[in-house]
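So, here come the structures, one by one.
Note that chain A is present in both complexes that follow, paired respectively with chain B and with chain C.
This part shows the complex of A and B:
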């Protein structure tokens, strides 16, 4: 008798949508989404994690525990070029020690080989054909692109919406539809429909609004809960937010190739500094050159690659006279502390802008 | 009638207030302990300030800053509620227009503000750890049996400060006990602590920041002459400590309240009203947000802390 598979994976932003669609279209199995991340998730994860591990580990583990409690029996994890590379082994061990029964799959993003995954997926769904797998693969790739494009637009404009909540409501509808697609055709029509709807949301955006770029470690960048909803806080102050890092960028873009980012990061870097540290340097330089008003660098407490890039960011800040604010997030981060620092950062950007304006008028 | 503006800075350890007029002159000032009860502290503060003012003076706008700025601002119906970094910068430049670096060590936070032409161009604030702030010093003073106000003069007596490992408050304390047990003199230990506070500050908060003159040192710890001396030795430049250094935050917020141009007559009798806060966990979803409700004479005036609409009242 075969067991019914219930597949689960950790949350990161809204990427549960493409992953769920992909799993549904290829594995012929049920999906058991972990509940949305809340304080409880983090508490659960923290309780069973080593204290000094970086905070994404704790969130992931919390997600797994909540999913297992809801009946999941297949867990998926990825890996990367830093401590992230050890996540899956350690998490599997911790969960087994807690007495849970499950299958564990590790998909490593650094060696991105679709055919290898095909073999893995076939283990769960023997009926899976290579054609179907590749089609689903293409679909998820496109779906992520649509999702990221939608979010980019929101990030740039949500601070200027005229009616509170317009963008959030539209985003919710968009997600509900996006998760149901099966064919490229469906995706295309959703993409066209929502691009149009997005443009129709009334905004009042001044030409010289404050613009802030966010760089740093990928998990805290992409999971808003883990950064105390930093982007939302900025938007509330009427700031346009730019973020280069998203899944489309990390998995599919050519710019992310090390040779390219290193070229962008010149003259500040000549060698790789681990994980996505080079991207942080490269993007900070790009943001500075584009005349952004400020940069915020965020990382989990103890994230070595991002610590490596901080002295270089300080140099960029000095060379381009652009202020950079640094945050480290952990399971102990005080939200009030983050808000105070953001408020001061906003005041500072406003004062600088005001001064520059006066200076320009004089000269 | 003279127009005046009230600025209140409610910090973790102390509550400060000033009343200023249109030309930034201080008409009344008071510094007292918060003692974990910001509402009572502000009531006492208002009482003290009122006795210093003559009837001719009318307070037209109120500003609040410090960690209890929101609570106190709500209660007083403040025109300006701002973070302490901005408030300190504004307050300091009103007295020292050419200041380039502001070093600030308060009860639980420490910050560095870099100024250029009277505006903030960069700042940093301690994030993960409070080692080397005022509460650390005051608890160590207690341990050594010295009054915190005498701490600085005690440090000056020393000619060879003891090395104290002050990266972490708890370990600093064990190191301090250890050094005392093996026979280091008390004044050397005190001087060593002052040095350790300064090194910790420069290595953490001040890391990577260009410290340029004029340098102003303020916040509660600036009253400790031992720490000021240690700063001067370490930076190699003169460090200015203003006699009103502890009032810069409330001075700044009073100026911001005045510049807000929103005016409303302020009634000092607010100190006799009954204010109450109730804190509870929402429990409507697993975020369990801690929501705070503020009541004036039993009537709900504001609430905060909810992450989603479930917690809205």
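This part shows the complex of A and C:
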């Protein structure tokens, strides 16, 4: 036991905060956060990835390489229902081929089992007690909930702030404080404080603003860089954005249970179509029923579960007369192209709204 | 009075090549007329492209083309859902969704299906019984049909494995193992040109999917421990089983196959000492390009063999 562990993990949105908190509280080891995702990260990842693998793989690999260059020696990867479950083995092989030396922890499992991870973490930190582990687990469970609630509010209102950058500044402060917490008590006080501050930010939100729902693959939904900052672009145009999927939804929400989402997706789906495809269908239907103005479906290029759900989304679009815009992101996607298409979509939604209004007045 | 026989259409694509005997025998035993769509041609492909999302894999597009061909020609189209064979493995998510995709794309066809998803407690036998009963037959007949079909299928698989192993032992020709899903290698448009050209070059073509399935899956753990796509395990294992006896490996994949994108890359990194080539086929493929690559690959193997002999 002479080597000091430096733990690193790939980025996904702001979820480095709960992971960092968890690692800090349980492992008693240093955290080596990979630098924020930039074009360089993606280039590095793309260079060493298989050519038509989905884009989250490339981002993850880029993150790992940058972290390893910064001195990390323990890497963590999770796993899931689609190709994501096989990421870890291929990434480990690629990184070893590149000549790096590290320990690789693979938290692949079909279901979420905290006790299984306890054994794994105990390997790194033999002093870890089960009480401490479960407490930390509970802590980040709460922390993720607070983080997601905060982001949800921002997503709905950032388009209507009166002073530019108010929300961004507040969010940064919030993150800086959130990452330092050690006890549930701290979390509660932070939560109360920032909810109050959030409500105090001046906004000017009209009642009939355009409302757009975003559905799709989880990584590009949660990592803004990978979707060319799509949500921000929408906000700039004064659109309220609704997104159901976040980590608390995926890991802890009861609505995410297969049978529940399948029920929501009826009559369009009879079976689970893999990974989070059912969620995309179910949410699109819910959004359409709620009378949203449009839906944006985003996915990495070649994401099979999301491609599976696209014919069904098209049918929903037809049945409920709701426009759906499809994006697929890869390492070559240009931001300008995305912007142009969004602009056209926005114009179309505005015109549609106007037309519907006139129609209502006439009848 | 004899009633008209029910016409069941089976698209010649995806899992048809794996379960040909099972499916055909089952429906025939139940007294149905089985119509299989003809070999893939350019028209199938164009129709398939028309009815698919652009980013679907080529194999799935071709499948949609076959489904389209069967429209209006049969009473039912058979589109099963095969998701997992045990708790530890699964198939590609494309197969999870095939019945739903077909139903949502084509409004005017009725589909027949069974659901095989052992991870969620849906066994093949129960699926077939349900399927048979939906055709209005008595249960004894259905059970009998399933047993007979299953037996024939297994028999056929064993025979294929045996034949291939005999060839491996006997022949002196250069042997190249093709690692590809059965729906790619046996397809007239995707794999057939490759097979055909190799045979013209006097090569003995060995098929990875003909290896014994159980042995293959066990052997595949030597290459990859955490692999959970069962069809990939089956064809990867063949590399491990046959590696002493073959002269080269060709990976044949359609663009953009999800599982293959990762698995093939891992194999290329891990397999040493055997020449291998990686052929990726998409809908715009020209044959000349493939021929050149195959020819040069065969040249390399021949030269290597000569050198090893000397």
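Basically, the second predicted complex is superposed on the first by the 361 of 363 C-alpha atoms of A that agree within 3 Å, B and C clash if a C-alpha of one lies under 4 Å from a C-alpha of the other, contacts with A are read in each partner's own complex, and residues count from 1 in each chain.
Methods note: a residue touches a chain if its C-beta (ideal position, glycine included) is under 8 Å from a C-beta of that chain, and two chains touch if they have at least 3 such contacts.
The model shown is predicted, which means the values in this text are computed figures rather than measured ones.
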Touching partner for A:53 - first (chain B), second (chain C), both, neither: second
First, second, both or neither for A:106, with chain B first and chain C second: second
Partner chain in contact with A:126 - chain B first, chain C second, else both or neither: neither
Contacts of A:291 with chain B and chain C, given as first, second, both or neither: neither
First, second, both or neither for A:344, with chain B first and chain C second: first
Partner chain(s) touched by A:40 [first = chain B, second = chain C, both, neither]: first
Chain B or chain C, by number of chain A residues touched: C
Touching partner for A:328 - first (chain B), second (chain C), both, neither: both
Chain B versus chain C as contact partner of A:202, first or second or both or neither: neither
Contact residues common to both interfaces of chain A (with chain B and with chain C): 301, 311, 314, 328
Touching residues (chain side chain A, partner chain B) in the complex: 35, 38-41, 301, 311, 314, 317-318, 321, 323, 326-328, 330, 332, 336-337, 340-341, 343-344, 347-348, 351-352, 354-355
Complex interface listing, chain B residues touching chain A: 67, 82-86, 117, 119-125, 127-128, 208, 210, 285-288
Partner chain C, residues of chain A touching it in the complex: 50-54, 57, 81-83, 85-90, 93-94, 97, 106, 108, 110, 268-275, 277, 301-305, 307-312, 314-315, 328
Residues on chain C engaged by chain A in the complex (per definition of touch): 53, 55-57, 81, 83, 92-94, 96-97, 99-101, 103-105, 115, 117, 119, 224-229, 255-256, 258-259, 261-266, 269-270
